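Okay, so here's the structure we're looking at.
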Amino acid sequence: MKISARNQIAGTVKTIKKGPVSTEVVITIAGGGEMVSSITTTSAEKLKLKEGGKVYAIVKASEVMIAID
Amino acid sequence: MKISARNQIAGTVKTIKKGPVSTEVVITIAGGGEMVSSITTTSAEKLKLKEGGKVYAIVKASEVMIAID
Amino acid sequence: MKISARNQIAGTVKTIKKGPVSTEVVITIAGGGEMVSSITTTSAEKLKLKEGGKVYAIVKASEVMIAID
Amino acid sequence: MKISARNQIAGTVKTIKKGPVSTEVVITIAGGGEMVSSITTTSAEKLKLKEGGKVYAIVKASEVMIAID
Amino acid sequence: MKISARNQIAGTVKTIKKGPVSTEVVITIAGGGEMVSSITTTSAEKLKLKEGGKVYAIVKASEVMIAID
Amino acid sequence: MKISARNQIAGTVKTIKKGPVSTEVVITIAGGGEMVSSITTTSAEKLKLKEGGKVYAIVKASEVMIAID
């Protein structure tokens, strides 16, 4: 499947924090940075996410804001 | 100002494509990747964005999906 | 690629309306309903979307509101 | 009330999974498909959602991505 | 129609800036503040939005970030 | 830090409801209205949010829908 989302950033799962409905996933990306995702716990289980697993952080361009110092 | 958004990724503006209402900004981030943002043209002008400028791509964790191969 | 987004609805492209930065795509889904997507024009071109083409409308669960009459 | 959101899809509540802050609602739509929504538990209670109830899944067009096989 | 979105803020349309696909609407709210919305031009036309018209700005709680000074 | 988000509304934290992953924050804004935000509990803790604290509700323009009566 090829998706329209313009941001598809490769990374590795660092931590997973599961709640009853929502799960927070921290991803280490190239260059040493981190991205954080909040998805449904059902999705996290369907994807069988685990620490150390290879993933992509996917973000639609309209969800990306820009800030300056 | 300090914001709750969990994703705050430093980068450099690569290209700016202005439309009458929306503007697309491509940002080069650490590690060689790219992020793409679509914001209002008014915002792009208020921030005086220009190619080569230092920026942060800001994304709320609830907007980040996860994909696996 | 398998993505965490919980909504992945099959359909057929009905119309495409291209602007300089944003493109609106109307999709006919099973049961006769329609979904409407606004993506970047760059994405629409990369996916080579055309009327009659088979696509999926993808939506993260946290973007779906519920209404009652 | 009439809302600008372009996606307003009629369906029936299939399941409700309540957490302390977030609630996941699965909706059966026409044509046999499903949509999944994550809303605040407060909202789910205010709308008095229950299994079998008639609802609409509401999504802003800018939140809809497109994928192809 | 009653919608799950937790933010429903009454206001008056101040300005409308139409593009071919997206339209930006500035809304004056109680207390003198402003809110800005970007919707599809098709939606703006369907709602027959005009300057001075009474509207509500609707936002899902998961789209609201928090910042501190 | 200056951010592109067009909606930056000053207010005071009224209530905080913490879950294991998500936290709901109700904010009183000027004019007597309220806004509701759902953020990660980690973010709420990093910002040290507490009732009575001064905050801003931040929303990207593309997340704001418009409704009419």
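The first chain written gets the first letter, and so on, giving A, B, C, D, E and F; residue counts start at 1 in each chain.
As a convention for this text, contacts are C-beta pairs under 8 Å (C-beta built on N, C-alpha and C of every residue); 3 or more make two chains touch, one makes a residue touch a chain.
Note that the structure is a prediction, hence the values are computed from the model and not measured.
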- Query: Which chains, if any, touch chain B and chain D both?
  - Reply: A, C, E, F
- Can you spot which of C-E, A-B or C-D is a repeat of the B-C interface, where more than half the contact pairs line up? C-E
- Taking each chain's centre as the mean of its Cα atoms, which chain lies farthest from chain D? B
- Note on the structure: By C-beta contact count, D-E versus A-B, the higher one is A-B
- Message: I'd like to verify one number: the distance from the centre of chain A to the centre of chain D, where each centre is the average of its C-alpha atoms, in whole angstrom.
- Response: 22
- Item | Residues of chain D touching at least two other chains | 1-6, 19-22, 24, 36-40, 42-44, 47, 56, 58, 60-63, 65-69
- Listing of all chain pairs that touch each other, if any do: A-B, A-C, A-D, A-F, B-C, B-E, B-F, C-D, C-E, D-E, D-F, E-F
- Task: Sort out for me which residues of chain B touch chain E in the complex.
- Result: 1-5, 19-22, 40, 42, 60, 62
- Query: Can you list the residues on chain E that touch chain F in the complex?
  - Reply: 3, 5-10, 24-25, 27, 29-33, 35-39, 43-44, 47, 49, 53-69
- Note on the structure: Listed in rising order, the residues of chain B that touch chain F in the complex are 1-6, 37-40, 42-44, 46-47, 56, 58, 60-62
- chain F contacts chain D in the complex at 17-24, 36, 38, 62-63, 65-69
